[in-house]
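By letter and in written order, the chains are A, B and C; residue numbering begins at 1 in each of them.
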Amino acid sequence: MSSIIKIKNLTFSYSAEEERKTLDNVNLEIEAGQWVALIGHNGSGKSTLARCIDGLLMPESGSIEVDGLHLTEETVWDVRERIGMVFQNPDNQFVGADVEGDVAFGMENRGIPRSEMQKRVKEVLEAVDMTAFAKHEPVRLSGGQKQRVAIAGVLAVRPKIIIFDESTSMLDPEGKRDIVGLMRRLNDEENFTIISITHDIDEASLADRVIVLNDGRVIDDDVPEKIFASGDLLTKIGLDLPYPEALKEELKEKGIDVPNEYLDEEGMVDWLCRSALKN
Amino acid sequence: MPIRVEKLSYSYQAGTPMEHKALEDVSLEITDGSYTAVIGHTGSGKSTLMQHLNGLLKPTEGFLEINGRQITPETQNKELGDLRKEVGFVFQFPEAQLFEETVKKDIAFAPKNFGKSDEEAEAIAVRMAKMVDLPDEVLDKSPFELSGGQMRRVAIAGILAMEPKILVLDEPTAGLDPMGRLEMMRLFSRLHKNGMTIILVTHQMNDVADYADHALVLEHGRLIADTTPKALFSKPEWLREHHLDLPQTTKFAEKLMASGMKFDSLPLTKKELAQILADRIKGGSADE
Amino acid sequence: MNKLLLGRYVNGDSLVHRMDARSKLVLSFYFVAIIFLCNNWQTYLLLTAFVLMCVKFSDLGIGFFIKGVKPLLGLIVFTVLLQVFFTRGGHVYWSFGPLSLTHFGIVNGFYVFCRFVLIIFMSTLLTLTTAPLEISDAIESLLKPLKAIKVPVYEISLMLSIALRFVPTLMDETEKIMNAQRSRGVNFSEGTLMQRIKAVIPLLIPLFVSSFNRAEELATAMEARGYRGGEGRTKYRVQVWTKIDTIAVILFAIVTILLFILRKF
């Protein structure tokens, strides 16, 4: 597998006076087709990292390569061709007056002919199950529906990478489930490379790989099983544990010998049934 | 009886062709010092109901009584103002209400509006800032320089500054990270222990299980459940029918049951479940 | 406020709804021009009949149009009275100082009244059957020739359409902030003028802050979606001239000719 994103020694800060860098010497490679979850508490630098990758912020030092392109002022628009971003606030990324119009916005910017736009709008609205809402204005949509429209807009311009920048954090549980399900489908079936920035541990547990960011540094980078097994690290930086792990910690406190390796829900149910029913 | 709602209905744009009934025939009671969770989907009427509690809306039919004060469709707007002192209302994303030059002034804003002198109000502000764990050095900063989590604390302190007896919280943890969420919930828990009546509007069933002692469920403007969290979450089928979630612990316990474990009643909190499991693993064969 | 700005457009699929917004816009202005050709009851009757026919084609109840007249009633009554009492000529029914009630005055007053109502009906017809966005598109399209003299027509139209799109969002926001400040003891509707002006500050500052935040996020999102100015952009929404528009233009032409004939009576 080849790396679609290569980040070398990336450093960024919002103002020169700031002592602590927002991003401090970050090195990362992300493989094509991977689903990577970027986790960390608010202010850990995760959204800044995403913005640097898309060239929305220019790093102080270090280099970024996206799909073989070295990111500079000259290549930034080509890099953006390859990356679609879905942001946090569903309202503040809805540019069009209605669903169709918003989905078409990215295509209009790229000068795609109208007949092709019409075809793609139809396709992508179907893909996100919003065909029935094509003519709706944003006020008449729920947060989850607006995020689906945002995803459709991204799909329409056919990027290789989709970055979800806390896209589920402002949604109600139903909307959240909805969008996470869609993310999973896009990764599984359409083979998009997905970077999801989140502090929702259940969303992160679906990823192929979890990168933990704290104070602008990568402090851990592994498969979810490994990350979640080292429980105190997440707790220490203020993140949740997946439920089975949290329960395990609670049992440990009560003096129970618990297995060290990560247990997903099924594993935990299994282990508990064996341990509790053996008597 | 601090809050009593009696056959309350509310329609938006009443008397026009656009009339839309947001609440229908809602009756309920909230006792002093309770911690009530209000659950329901977007558009279920939760917000409309909450806005009645501090006089932002008046019922179209029925009435409500708060600390002995009755609010009927005929109540004058002037009288509603007094209610706002007794019922603190923390809106969703309350940091949107900040506007003063300094944190201290912003917290002191409400007490000043309700007739406290500048000195009194500032003294209250300092006290409230402490109560929500804001460090002293932010008091003279602009609220707009703070982090999102701190801004929210300032906003909440600004409501607490009215020293209300009842605190209504509309999804107070939305958008915070896990640590921020936990700290916030602990703060409310502390206020509750000090005798404040808490009304929490939430989607987080874990919080309902962990903190509340009373649960109200609204659907399409009607009150469909008025019970305890324990009783509410003991009926998973009913919740599913109404597209509502279970707390993580209850969901997990259901899985354990499916694999053959038995529970007298479904546990609600992680601590509770851990205790049961620990007892069993340690050798007490609770399973018959 | 909500109704004033947005509640006007009524979704529909009538002949008028289906017309190109450009032709509706131009013809509405044209109507205002030709109404000044009217000089006798025959011409006013013709235009009244014509307007009623247009209303009929819109499939909208006459109530919508009467509602459009209501807010301007004061102005209409004032102007009509001015005409009635200050126009001289013909039989004098009554007079007092500079005021007089004459035959011409009454007739003129009536004509002015008709003119007002007809213009309001016609412009209401435009706003009732044309979404704000279509109007903004139409303006862009009509302004296109100005591109030659370096007017950023495209950007103006995008600004207009984004502004329109955010009106409801900001209304919501205003409502929320007002409620939050009311809960903190602000009274927006009572008190002296000074108190009321002061009460607006806790509303305006948060509203500005949130609008700036929104604008910043929106700009970032637009950039991420590849927006780099109007150059080289294509358009998804286009306006199509249809048979209905051609027919409408012909109808207007016929009405104009008839007006010229009837004027001579």
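Just so we're on the same page, a contact is a pair of C-beta atoms (placed from the backbone, for glycine too) under 8 Å apart; a residue touches a chain by one contact, two chains touch by 3 or more.
Predicted, not measured: the structure shown is a model, and the values here were computed from it.
Asks: With one step meaning two chains touch, work out the least steps from chain A to chain B.
Replies: Graph distance in the chain contact network comes out at 1.
Asks: Comparing A-C against B-C, which pair counts more contacting C-beta pairs?
Replies: Top pair by contacting C-beta pairs is A-C.
Asks: Relative to chain A, which chain has the most distant C-alpha mean position?
Replies: With centres defined by C-alpha atoms, farthest from chain A sits C.
Asks: Just the number, please: Cα centre separation of chain A and chain B in whole Å.
Replies: One centre to the other, that is 30 Å.
Asks: Per the centroid of Cα atoms for each chain, what is the distance between chain A and chain C, given in Å?
Replies: Taking the average C-alpha coordinate of chain A and of chain C, the gap between them is 45 Å.
Asks: Which of the residues in chain C end up touching chain B in this complex?
Replies: 173, 176-177, 179-187, 189-190, 201-202, 205-206, 209-210
Asks: Report the residues of chain A in contact with chain B in the complex, numbered from low to high.
Replies: Answer in residue numbers: 41-43, 142, 169-170, 172-174, 199, 201, 238-240, 243-244, 246-247, 250-251, 253-256, 265, 268-270, 272-273, 275-277, 279.
Asks: Which stretch or stretches of chain A touch chain C in the complex?
Replies: That would be residues 51, 54, 56, 77, 80-81, 83-85, 87, 89, 91-98, 100-101, 104-114, 117-118, 121, 137-139, 153-154, 157 of chain A.
Asks: Which positions of chain C touch chain A when the two form their complex?
Replies: Touch list, chain C to chain A: 131, 133, 161-162, 164-165, 168-169, 172, 213-214, 217-218, 220-228, 232-238.
Asks: In their complex, what parts of chain B are in touch with chain A?
Replies: Chain B residues touching chain A: 41-42, 147-149, 174-180, 203, 243, 245, 248-249, 252, 255-256, 259-261, 270-271, 273-275, 277-278, 280-285, 287.
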